[in-house]
Every structure is written in structure tokens, then in C-alpha cells.
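You will see two complexes here that share chain A, one where it goes with chain B and one where it goes with chain C.
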Partner chain A sequence: MVAVRVLGVLGVLFVLSIIVFAMMYLAPGDIVKNLLGNRPMNPDVVAAVREQYRLDDPVVVQYLSWLKGFLTGDLGESIRLQVPVADAIASRVGITAALCGLAFLVSVAVAVPLGVRSAVKAGGWVDRTGNALSILGLSAPTFAVGLLLLYVFAYYLPIFPVYGGGDGGIDTLRHLVLPAITLALGLGAIIVKLTRTAMLRELESDYVTFARSRGLGERLVRRIALRNAAIPIVTGASLVLTFLVGGTVLAETTYALPGLGTLLQDSVLFKDIAVVQSLTLLVAVVIAAIALIADLTYILLDPRVRRQMGAAS
Partner chain B sequence: MTVLLSELSVLGPNGTMVEPVSAEIAPGATLALIGESGSGKTLTAKSIVGLLPRGFRATGAVTVAGQELPVGLRGDDAAWRRARGRSVSLLLQDPFTSLTPVHRCGDQIAWTLEAAHGHRIPRAAKRAQVEERLAEVNLPARVADAFPHELSGGMRQRVAIAAALASDPQLLIADEPTTALDASNQAEILDLLRRIQLERRLSVILISHDLGVVRGRTDDVLVMRDGQVVERGATAEVLAAPEHPYTRALIEADPVVAARSGARISAEEAADVAEAEALLVCEGVTKAFGVRTVLSDVDLTIAPGAIVGIVGESGSGKSTLARCIAGLEREDAGRIVLSGEALAPGRGSRTPDQMQIVFQDPYSSLNPMMSIGAILAEALGVAGRASSEVPAMLEMVGLPAEFAKKRPAELSGGQRQRVAIARALAPEPRLLICDESVSALDVSVQADILALLARLRDELGIAILFISHDLAVVRMIADTVTVMWDGRVVESGPCHEVLEQPAHEYTRLLVAAAMRENAVPADGKD
Partner chain C sequence: MSDIRVIGPAPVRRRRRRLPIGVGVALGVLALAVLAAVFGKLIFPDAMHQDILAATLPPGSEGHPLGTDELGRDVLQMAVAGAASSLVGPVIVAVGSMLLGVVMGTLAGYEKGWLDTLISRWTDLLLAVPVLLAAIVVSGVMGGGYWVTVALLIVLFSPSDIRIVRAGVLEQSARPYIEAAQMLSLSRWRVMFRHILPNVTSLVVTNLMLNVAFALVAFSSLSFLGVGVAPGTADWGRQLTDGRAIMFQNPAAVFVPALLIVVVAVCVNLVGDWIGQRLSQVGEEVR
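Let's look at the complex of A and B:
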């Protein structure tokens, strides 16, 4: 079963890679011109580009050589930065990964306990405050929240830096706090709702009544219910995790962070096709990996699924 | 050690839900609480463990072995934590939902042990105690490592009993403990409970809507209706000579009693049925899901206007057969012939006027967002009939025409099932398939629906395939009965013959379980 799932993911990525490759042809205008960008056109350069992208070979050969390059780390050259795409991505992937990781951590650490608390004391003040906050988090656009936080915590109360990625270590962490909170707000709002709904349903179930009737402590009862609720929460959380990828573009732009989001934005504006292709495929791989991990976690969390897997293999 | 309920009553958001109840239960004795759903028996039980739903509260007093339970306090009060488990435990109806699916059975029993001790128990000692508790309910030690879904329904209920009793309570409340189980498991679980109860001198409150469960296994009985105790006394006396009309009605409605007295709704002679040309013939129907064969070589004949019963436990293949006939499953082999015309497997070859199904659960088979009138109009529309016939359809199933404006949520279970029957009859089918259609209903409602089906058969001349796990119910309505076991037909014939002279051993077992002959203890208290 797991093998089938992995094969499925590989299949989806294969189809995506064809679409991404086709971007080169779908972009309006002459291919060579697009690939050249702002560089001056002369016969030598044109010949070099045709040679590099094998534009004189059949499309299938072009695709295969491009795919081989992608798999071996040779992603081509960024026409805007004049460096290999791999280097451009490598120098920025750290800050984006740190930002996403921090945002996810913050949102889970706050949202799950808040959701549990809201469900246990449904209608209480924690529930109502949490509800108001999550409506705010869901409805406020990322850039608006970003600007507001900047205004309050960087301008009025200069606790955090206004822009940039910092000089590494603690300083970078300090620079990432506000953007991470900005991203975590929207993500956390969804996780609070998910956790609350899942917990409410589990707390209504027979096994909770049975556990209480046997004199089990309320903390243990909640732990049992949360363990059951974990299945829908993990599934939901992994789905919203993919929102982060889109969200980083906005957050990185607002806070001028030198991450993949800003790289993608600049490259799209500049028609830097090699970079856009690589980033798009990278995002697809990351999202597919998250979905796969969520599926595997599912097996870990639910013994019933585990048994079916065992029976099928 | 005696358990005393004094003036225990339950107040809900709309006033008193249960009028004051008083009772005394000696150690080792069982008090039965019987009544239909809505009679207040479950609320009474929940008030004794302090687990009433939000908005409900209890007054009065409950004393267990000289210690008073904090009945008037809210369920999350600390006083309840000390009382629950150690003084009183509650065993629930459905072993499929009362154990958490993601924890091992051993852990679930160990939680009760630790809660009762008030501290953690070292791993090895815990394991030994869990195995001891499993042995008490006749389960092997390996069950401790199993997840609930790896066990059968009967085994799960045993685990639940072990978990409920691991805190050594003085009073056990068993709320319909066998309703969700098959007939052969029911007797086993009830006998197990009785044995443990006598060994431990445990007081038990047994809640049931099923007189067969109460008969012979309980000492005293309280009959409840609309939150009031209408009759009380020693079980044997109340069942033998009921005084209150409601108790009498309950006993008369009980399919076991009806079967014993030989009452049958059907008027048709079995011989007439056999002579008529068959409406439906199944020959050698076989179906497997993966490697598991659920139907092997099943033959079945239904005459026009006949009511044919199929009995068997869950997993016997009776529902799969019905679904193959209706085209909801595709049989792997065999022929299904309706009025001389062979039907290809699957839904594509079926038309609505051939057959219709009424399912078990009237709560989920009706769209909650549609009015009853709209539901029926839709079914009539599919059959090309005008929606002006809705009142006539309602009248046909014994419901007033005003019901067209209501929504399913406003109806009782029995009324919903009537609507489901009316909907199934809208395309004027030749065959009506009832798949456990009365199993989710209270006994008196069950009897009403069975009477309705028999009347519809007489008036419309339709044939009915009536599927149930309960032989006693089938006996009340069916002309012929087919007994299924493990995907095979083990016996079939006219209803009274099969029941009076069962040829197959499995049928004998079913008949015995249905008549509760094996359920009456040796001292013959009945």
C-alpha cells in the first residue's frame, strides 16, 4: 500500500514536470528571446542558447535532457542573477524553510491547546475569544496582518526589526518572529477550528462517557479524546500546511526577507523562466512530500488503517 | 452493601423528565428497568453515575453500601470522581463505540485499575492484573494487546465488562448491554454478567426494552413510561400477571410472547403460496468480497404476494443477498429471475417498479433537509405519478395528511419508518425488501410496523422479502422462512414447520436463543 502511494506521488510529479517544462513554450513571445531575457541578441548568443536548451532536437529529447538536469541538480542559469539556479535557490531556501517551520510550530503549539480548551469548555470565555481570534485570522489578508504587526511591534514599539533576514543565528530568529506570527495566524485559525470540532465530537462519544463512568480522571479522558481526534487534526493540518507555501510569498515581500518567496516574485516579474520552472517543481515536490507524510502519519495514528495495510501487503 | 435509591428524579430544561423513583437492591440482586425509548430509563441510569447531559440535573439520594452519592452535584464535581468507578460503574449498549478504537484493550482496562488505586501501577503488576480481569470474563491474555476492532462484538463487550468492573464497584448499571449483539452472543454475555454478579455479590441495574433479557435474569422490575414508574414488583410476578395496561401491552407486543402463544399476523396459507407461479427465483447466487465468500450457492423462491423471511446473524450473508437482488451488489455467479425475466447483475438492469428496499435506520435513510411531502413527491415523480397522490400515500401507511409539511426530525422512529415504506411503495414495486426494517424500533412500534406490512401485502398484493436477525420477529409476519449461516442456506420451509421442527442444528440454536429457553436458569424462575 505504501509503495502504491509513493508510486502515485511519483506519477503526479512526472505529469507536473511535463506541464512545468511546457511553461517554456507557453510563455508568450519567442522562446530564444525569453530565454535570453535582457541580454543583447546576437547570432553567437542565440546559437549558445539553442545549444544549451537543445532547441534543435525533438521536444521529447529536450524534455528528457531538461528533466535529467533537474534530477542531477543542474537547473540551468538564472538570466536575472547570472548565477546557476541551484545556487540562487540554495542561498535562499534556508530562510524560507526556517520561516515555514517556525510558523507551523507556533500555530500548532498555540492552536491545538486552544482548540482543546475551547471544546472542553464550549461556550466559555476561552472558546469565545478563540473563536473571535480565528475569525480574524481567517479573514484578515496576510499582508494586512503583516503591515499591522510591523506598525505596532517594529515602529511604535521597536521590539522587532522592520525588514531583512538578519545576520544568522539569534539575529535571524529575531527577524523571523513577526513574519512567522503573520503566517501562523491564518494557519492557526484553521487548526483551532479543526481541533475544536474534532474534540467536541470525540468528547460526545460513548467511550468518553464510559471512561468517565469508570472514574477515570478528566485529564486522562481528554488525552484519550485528543488521541482519537488526532487523526482528523493531522489530516487537516497537513492540508493547510500547503497554504504556507503560497503565504510565504506575501510574508517575505511584506518583511523584505530574502527567501524563496521573493525570489519567485522577482523571477516571475523578470520572466526568469529557469528559476520559475525550478521553484514551481520544487513547491510541487514539497507539497507531495507533505501529503505523503500525512498519509504515513495516518497509518501510525490509526490501528484500523494499519491493519488494512497489513492485510493488503 | 445494599443500594438505595430514594426519591431520585431528573429535571430537564422543560421540567421534570423522571418522576421520583425509589428502590432497593440487595447485594447480588438485579433490578430491571424496562420501558421504551423516551421512558426515562437511561436518564435515571445516567443520574446515578453523574453523567446527565448538559441542562439536566438530578434530585433525591442514592446510597451505595452506606455511602451517599453526590447525586445533586454537577458531573464534573470532585466528589463524583471519588464515587464513579469505586461505588458505581456504567456499562453501555454498544461495544463498538464504548471502547476507544486507537488504544489497546489492556490499556483501557488498566486505566480503570489505576483510577481506582489512585496512583500508577508498575508495568509488570499492571499486566498481571489486566490478565486476571480478562480471565474473569473468559478472555485469553493475548486480548490485552489487541485493538478493539480486532475482536468480535461479543468479545468487545466482555472487554468492556472487564473495564467497567476493574474498579471493583458495588453497583453496576448495564444500559441495554446486549441490544447491539447477535442472538447467540446475547445469552452468553447475560449469563457471564449473572455469574460475575453472584461471585462478587454485585448489585446490578439492568436497563432493557427487551423482556426476554429481563425474564429469568432479574429479581425485581420497574416498568417506566414517560418518566414515571407505572408498575413494580418481583420480575416473575409482573411478567406473569401484569396489572398496568402498559405493561400488558409491552408483554403482548413482545415477539417472543406472541410467538409462544402462536399468534401470527399472516392469514395466507402456505400451500396457496407454493402453487402460485414464482415472482422471484434466485439460483446458485454466489458472491465474494476479495477472498471472503459471503454467499455461496444460494437458492431462494418468492411467490407473488408472499412474505418470505430470511434470518441469520450479522455476517451470514442475508443483507448481501438482498443487495444482490436489488442490484446494489453484483453477484459473481448464479441467476436472479423476476417474473420469468432474468436480471443482469447490477443496478443498470433494474427498474423502480420491480423492487424497492426499506433499510434499517429510518434516521439516516430520509433526507433531513426535505419535508415528508417533498420526499414522497420526489419518489412519485420518479415513477411518473403526480405529487397530488402524497396524501393518499400517507394515508396508506397510516399517517395523517398533515405530515406532508413536517420534516423527518419532527417524527418518531416508527413514523419515519412508515414514511420510508410509503416512499418505497411509490413506484408500485412488485417486491418490497425490508432489510432489518424494524430492528431499530421499540417493541410496540415494531408490532405496529409488522401489522402495517401484513396489511399492505393483503391490500396491494405485493411480495415482501423480510430480513431480520430476530427469529421471533420473522415468525410474526413471514409465510416461509429461510435460515442463512455463513453465506449458505441451511434450512428453509413454511415458517411454523421450520420453527417447530428445526432440522438443522444452527436453526435449533437460533430458535432456542429466540425463545430464550437456554436463557432461563435451572431453577426455572419464569
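Let's look at the complex of A and C:
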């Protein structure tokens, strides 16, 4: 089962890599010109670019050599920054990872308890507030929330810095607070909904009624129910992930954080194709990996599946 | 196995239910937004008129209740005139992805076999792609524009519609009335679109509303990132992006369009949820 799943993921990545590679050809204009960017055109440079990207070889050979480059960490050179793409990504990946991690922690810490409470007291004021917040979180574009927080907490009440990534350590953390909260609102909205739906279903099931009738404390009952509800919540991780990717780009742009999101945006606007290709494929790989991990966690969380796996192997 | 259902004109009692206040307000707001979309450009024909002398006026200035932006354009007029561009795109995206979803989902659910496998794999692939990322990359690299973005979002939004329709069709096609229709040797198109489709409409309509809200947010996000709507167009996302530079001089230039996007999206969501509940209840009553 796991092997089939892994093969499926590899298949998806393969198809995506072809699409991403084709981007070079889909971009309007002359390929060589696009790859050269602002560098002056002269026959030597053109020949060098043609050689580097193997433009004179059949497309399949081009693709394979490009893929080999990607797999070995040779991602080409950014025409905008004039540095290897791998370096550009490496210098910015930290802040994006910190932002996503922080936002994820905040949203889980708030949204899971809120979702559980909403389900336990369905129709109560916590539930209605939570529901209103999650509709707002899903409806408000990340940048709108970001700009509002920026205006209130960085300009009107200057508690947090307005722009930029800070000088590392605590200062960077201070710069990340507002972007992380911005991102966490949208993430939290999804997680609240997932948690609430899953918990509601569990609380209505027979084993909960049985546990209650045996006189188990409500806290314990809730813990048991949450353990079962964890499965659909974790399976919903792909939804959270796809939001997180877009949200990060928006949050970073709003707060001018020097992360991967702004790198992508700048590169797209500049048509810095090598960077765009690398980032897109990288994101696809990360998403596929996390989705796979979520599936494996699912096996760990559900003893029934675990036993089946044991019986099968 | 032997569940026999009486099919036919069930006695539907039309109980008049009171409209929840929130939904009523939401409907009112949406009606206003639609009015602005239809008549906005007629009311303020020169909303995009630039007047550098009147640039970056704060709210409350004479003749400009919400101030002006960096190019001296009136914030209020732009907001009204921008309704059309901001709403038409998302509605077309939602309707387009619904049509795509209905056709592909029905085919997959009814025909099954290799067609189903193919369509299902296709939706799996698209669902793994972050919508915003794909839209930025493709419309950015290909040199987007409004209609390219619309087409792109239709494709990227369609997997949820396809899945919903497919699941609904699968559930319906096992029912006796479909068997009966097949026995009458009705053509498969007739069975699919005249008999099954009406029974999955409630699912589709609910998702349509949700998609309008998501598309609105996606559109404005793309404008914010500099792809999508061309500069100089009256459009909320565009207006907000242009206003960012003068956010501290005239906050209205940013927050008026931002608020409009959020309010409209919330209202669409509220109405969508309500329609979803209503339709699922109606279905239960008939059954």
C-alpha cells in the first residue's frame, strides 16, 4: 500500500516536472533572449547559453539534462540576481521556513481547541464565534488582513516593525510576528472547520455514548474522541498545505520579507525562468513529501489500519 | 437492498421560513454590489480620470469624501466603478468551473471505466497544485491578462466541482429510477443530463457560491502580486495594490477596496451556506 502510494507521488511529480520544464518554451519571446535576460546579446554568449541548456539537442535530451541538474542541486543561474539559483534559494529558505512554522504552530494551538469546543457545545457562543471567525478567515484575502495588522500594529500603534526581515535572532522573530499571525488566520479557519466537522461526527458515534454511559469523565471522553478525529484532520493536511503555499507568498509580499515567496514573485515579474522553475518544482516536491508523511501518520494514528498492514506484510 | 421508494410528486409543503437576519443583510449587500457592477461605470464615467494636482488627498477632502490616490483618482468613484471588473471575473470562473465540473463529473460518474480513471487522476493532479502558485507562475511567465487569468482559474477550480458531481452521480446512478430509465432505453445523454443532473444540482449550486467567494479572493490576490488585472483598470484588487504606496497618507485608498472584497466574500459565503442548507433540507422533505 505504501509502495503504491509512493509510486503515485513519483508519477505526479514526473508529470509536473515535464510541465515545469515546458514553461521555458511557453514563455513568450525567444528562448535564448529569455534565458539571457538583461545580459548583452553576442554570438559567444548565445552559444554559451545554447550549450548550457543543450538547446541544439532533442527536447527529450534537454529535459533529461535539466532534470539531472535539478536532482543534483545544479539549478542554473538566476538572470536577475546573477547568482546560482541554489544559492538564492538557500539564502532565503530560512525565513520562509520560520514564517510557515510559526504560523502553523499558532494556528494549530488556537484552532484545534476552538474546533473541539465548537463541536462539544455546538450552537453555543463559542461555536458561533468560531464559525464567524472561520468564515472571515476564509473570505478575507491574506494580504488584506496583513495590511490591516500592519496599519494598526506597526504604524498606528508602533509595536512591531513595518517591513523587512530583521537582523536575525530575536529581531527576526519580532519581524515575523505580524506575518505569522496574518498567515495563521487563514490556516486556522481551515483547521477549525476540519476539527469541528471531525469532532462532531466522533461525538455522535456509539462508542462515545457507551463511554459516557459507563460514567467516564467528559474530559476523557473528549480525549478519546479527539484521537479518532485526528485522522480526518491530518488527512485534510493537503488542503492546509496548498493554502499555506499561496498564503506565504502573499504574507511575505505584504511585509516585504526576504523569503522564498518574494523571490518567486520578483522572479515571475522579471521572467527569471530558471528561478521560477526551480521554486515551482521544489514546492511540488515538498507538498508531495508532506502529503505522503500525512498519509503515513494516518497509518500510525489508526490502530485498525496498522493491524491490517501487519497482517498484509 | 430492497428499499422501495415512492417516486413521483411527493407532497411538498411550502413552509415559509423566515430569512435569517445575517442572510438578509448579505443578500442586500450583494444586491448593492451587483447594482454597482451594472451601473457603476455609468454613474462615474471618469472614475479613472487622473488629476496630479489633487494627488493623495486624505479622506474628508472637499469633493473627495474618501480622498484620492497617488494619481489623484477619487477613491470612492474608483471603488464603485471597480465593482464590475472585480465581480464579473469571479462569477465567470465559478460558472465556468461548474460547467466543466458538471460535464466531466457526470461523464466520470456515469460512464465509469477508463474515462473515470482518467478524469479522476486529472483531478488528483490538479488538487495537489496550489491554486495561487500555479496562477502566479503561469500568468506571470506567459504574460497573463484578465481573460488568461479567468481561463486559468476555471481549470484550477474545476477539480472540486468534478469530484462533487462525480460522487453525486455515482450515488444517484445506483438508484432504481435510473435503472427504470435505462430499461426504457433512453439515450445515455438523456439519462445523464435530464434524470441524474437535477438530483445533484443542490451540491453544485452550493459549491458555485463557495467558488465565487474563493475566486474573488484569488483574483484580488493575483492583482496584489502584480499579475492579472492590467494597470489603469478600475478593479478593487488593482486599486488596493496601487494604494499601498500611499497607505499611511490615505488609508482609505487601501482599506476601502480591501473592505469591499472581504465584505462581498463574506456575504457570498453566508448566502452560499444558507442555500446549501435550504437545498439539502428540501431534498430530504421530498425524499
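Assume the second predicted complex is superposed on the first by the 306 of 313 C-alpha atoms of A that agree within 3 Å, B and C clash if a C-alpha of one lies under 4 Å from a C-alpha of the other, contacts with A are read in each partner's own complex, and residues count from 1 in each chain.
Here is the rule we use: a contact is a pair of C-beta atoms (placed from the backbone, for glycine too) under 8 Å apart; a residue touches a chain by one contact, two chains touch by 3 or more.
Every value quoted in this text rests on a predicted model; they were computed, and no experiment measured them.
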item: Chain B versus chain C as contact partner of A:G164, first or second or both or neither; value: neither
item: Chain B versus chain C as contact partner of A:P303, first or second or both or neither; value: first
item: Touching partner for A:G73 - first (chain B), second (chain C), both, neither; value: neither
item: Larger contact residue set on chain A - chain B or chain C; value: C
item: Touching partner for A:R214 - first (chain B), second (chain C), both, neither; value: first
item: Partner chain in contact with A:G124 - chain B first, chain C second, else both or neither; value: neither
item: First (chain B), second (chain C), both or neither touched by A:S205; value: first
item: Partner chain in contact with A:N228 - chain B first, chain C second, else both or neither; value: first
item: First, second, both or neither for A:G101, with chain B first and chain C second; value: neither
item: Interface residues, chain C side, partner chain A - complex; value: 124-125, 127-133, 136-137, 140-143, 213, 217, 220-221, 224-227, 240, 244, 247-248, 251, 254-255, 258-259, 261-262, 265-266, 268-270, 273
item: Contact set on chain B toward chain A in their complex; value: 49, 51, 75-76, 81-86, 88-92, 94, 97-103, 111-112, 115-116, 147, 149-150, 160, 163-164, 166-167
item: Contact footprint of chain C on chain A as seen in their complex; value: 12, 15-16, 23, 26-28, 135-136, 138-144, 147-148, 150-151, 155, 238, 241-243, 245-247, 249-250, 253, 264-265, 268-269, 271, 273, 276, 280, 283-284, 287-288, 291
item: Touch list for chain A against partner chain B, complex; value: 205-207, 209-218, 220, 224, 227-228, 231, 301-304, 307
